[in-house]
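Going in written order, the chains are labelled A, B and C, and every chain counts its residues from 1.
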Amino acid sequence: MSMENRIQPGHFLNVLAAVATFSTRLFLRRRRTWLMAALMIVPVALPFMAAALDTSATRMGPRLLVALVEYLYLFTLAPLTALFFAGTLLSEEVEGHTFPLLLSRPAPRSAIVLGKFAAYFVVSFVLLAPAVVIFVAGGVIALHVSDPSAALAVLPRYVALVALALLTYGALCLFVSTIATRPVIVSAIFLFGWEKAVVAIPGYADFLTFEKYLRRLTPDVPFKRLELGKLELPVELLRTVYPVGAWTSLLVLFGVAAVLLALACVAVRKRQYAAHGDGT
Amino acid sequence: MPIYEQTYKPWKPRGTTRSRWWTVAAQELRVARTSPLFRRLFLLSMLPFMLYVFVLIVVDLMTANPSQLLRAAIQEVHIANIDALFFRTYISLTLPFVFLFCLYIGGGSICNDYRNNLLEVYFAKPLSRFDYFIGKLAAVCCVPLFLTAALSWFLIAFHVLLSPTAGWAFLSANYWVPFACVGYACAVIVPYSLLIMACSSMTKSATGASIVACAILFVNGAMGNALAEILRRPNVRCISLTRCIIYLSDLLFGGRSRITLHWGIVVAGMAAFCLLCVWIAYRRIRAVEVG
Amino acid sequence: MPASIAFTDVSVWFGEVVALNKVSLEVAPGITGLLGPNGAGKSTFMSLCTAQLKPGQGDVRVLGQPVWCNYPLLRCLGYCPDRENYYDDMTGYEFVYWLTRCAGLFPKAARRATESALQRVAMTERMHDRIATYSRGMRQRVKLAQSFAHEPDVLFLDEPMTGLDPMGRLAIFELIRELGKGGKTVIVSSHILYEIENVTSNIILMNQGTVLAVGDVHDVRALIDAHPHSVSVRCKAPRALAAKVIDLPAIVTVEFDDDISGLVVRTRDPNAFYARLTELLADPVYGIESMHAPDDNLQSVFEYLVP
């Protein structure tokens, strides 16, 4: 078969779709994916436990639910899922020595990277979004919320925010995995070190976190603020917080995700994977 | 040698049985330290220590100065109070590095050997599974123990050296502080190391093991926080391993805590957690058959 | 015939280690054996040809085009790496199918190509089982299938016989010979001489990152002047035959067999010796029964050239 008359592939998109489908299947076959799914579903028990152990919890109703969705799903499980899946997209291929098989295909390296990222995004969203919905639905039932519509009304926005969080955190973890040998450690430092510790740094430092922009996009409902996880902050660490606009936040999050994905593609395109520890 | 002397001779190990686990640990550390990331992380982890050495020098030399004004000024600075909490804060500052080192060394400790069929190679040698497990655990704990326990002892010794009068006075009044430092370090390092080793034994890659360990720790911490806030019962925080460790450190160093649970329950819970991790890791090691 | 693969002054470094040192060569279509001890640079050669590596210096061309990030060209290449690299959670069929899809084939064509490739490596029966349950030989065959499923023009097989049993090896030898037909280029690397000898006499001999010899093994052997050619002749009158050939100018030594049923002649000019022997063949006095060249093979070339 010569180069001219061979089967013409639908080049970039065809390969991207193939890599995405192939990677999605791989995700679904791994035990780790189901472990993550189990971790996502564990918080569903919280409202039930709260209702069983303390009847006053039912009074908090939607306020409690929204606070928990933010704290558990948006700022704990979404970055963790990104670390879990996006952080391993390429490093597992490299560690398992399967990457040469993909790189020797006539697949543009950027199509491989974006295809894998698409698989991560679909799988993690399909796992996390229903977990959020089940959590809120379970909470409405367990806490006997008198006005479930208030909680359910903000649910689509939180689902969208979860998607946005997965996109941005995922893009970051993917980029880190293309340049670092132990991406989990570097990503964990950023996601669970820098993002949490920056609260103590004065000035504009918090503009360098995703959490600031995501928090700005959360629904501004009157019953919302419970501020879990911030209750023990020492008084001397409280500082002036500079506001950011909603549209700016959206723009920044999408922009940063796009830039990180582009950088990941460039890094993979430039890197010579056969030069790492293989024989000669 | 005459042929009649060339009979079968049972293998007698040179050196003692005790040193065999160390061979495993030393090899693991040797591999780890060749990585540039490890060296950078190590240098970074020395920053809190350098800061504390600097503070000790400043405080001890300044307090030796007869000027009452300087002494009063130093006493106004929170970090310059050299008491038990000074050393506890030092260990607390190193905790992120401890966790990262546990992840770095422990993540691949068992799974890499398993993936490369090295477990069979190890156990074909006169090395018991117990030696192997202890060796791996020692390798994971070694650097974190150095960073926390060893360096905090060094800081205490340095304090005594720089300001003998104040130093000995501090030590005689707080003779338990060096032991509390070791206790705190062990309370942090042993559960973290065992958790990561258990994760390493369950997965095929170092990255996977590190991620599973992170997931368990962070979800566990978030669940504990959330439930405690919902129920407004601080004791519920002890669901979280990290919170248990902080509570134990409060008890060891005489700090304040909102948790009122008996320390025995917390220690028992942590011990149960550690035993579970040992069981998971050891089960994988035991399952390896040689020959 | 135009060269399928052309290296011009190619050097590759891994840190301070020189993996390839100013390699210049051309490979014509057909089967070529890439031969050399471990660490000779065989896998680096393959990695360069399949766009896994970029040369530190020099130019690598396959089918007349540079390789690095040349995706249209990669459509014409197939690669079977030497490492044990599989997606264990997949079945053999899925493994080949998805890699064929990634090679740019549409689903229907990919399915056909996968089935055909797996049939050629005799894996049809077990193709829907998980790779994790396969023996080493079966894994190797599946890995081989993915390399040629999309019908590449140039195929790189890095130690393809590893882990195969003798019957499996024979089947793979046959398959490689088949793949090499019709103007295609197949590069087979190995450090086992017997494997290469079974599929081709055309070799590239490498050692320590340099190319020692390229071409037909017999031609290469003929060029090695430092080691005279041995020719073993069985005959009834070895002493008489020795007297007849000893005067040839290029003869180095003549030795008699232990049982005086033949002789071994070492010569720097085998063609002259064979010409003289042909003249004497019809003469019943010498009773020449057979002759063969014990060192005109890959083993000898390898031993002579690799220090």
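The rule is short, and it goes like this: a contact is a pair of C-beta atoms (placed from the backbone, for glycine too) under 8 Å apart; a residue touches a chain by one contact, two chains touch by 3 or more.
What you are looking at is a predicted structure, and each value in this text was computed from that prediction instead of being measured.
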| item | value |
| --- | --- |
| Longest centre-to-centre distance from chain C, chain (CA-based) | B |
| Identity of the most central chain, Cα criterion | A |
| Mean-CA-position distance for chain B and chain A (Å) | 30 |
| Interchain centroid distance [CA atoms averaged], chain A/chain C, Å | 49 |
| Separation of chain B from chain C, taking each centre as the mean of its C-alpha atoms, in whole Å | 54 |
| Junction residues of chain A, two or more chains touched | 96 |
| Residues on chain A engaged by chain C in the complex (per definition of touch) | 1-3, 6-7, 9-11, 14-15, 18-19, 21-22, 25-26, 29-30, 96-98, 100-109, 112, 269, 272-275, 278-280 |
| Touching residues on chain B, where the partner in the complex is chain A | 35, 37, 41, 96, 100, 103-104, 107, 203-208, 210-212, 214-216, 218-219, 222-223, 225-227, 229-233 |
| Touching residues on chain C, where the partner in the complex is chain A | 14, 17, 19, 38-44, 47, 50-54, 63, 69, 71-79, 81-87, 89-90, 94, 98-99, 101-106, 109, 146, 151-153, 209 |
| Chain A - residues contacting chain B, complex | 32, 35-36, 39, 42-43, 46, 49-50, 53-54, 56-57, 60, 64, 68, 71-72, 76-77, 80, 83-84, 87-88, 91-92, 95-96, 180-185, 188-189, 192-193, 226, 228-229, 231 |
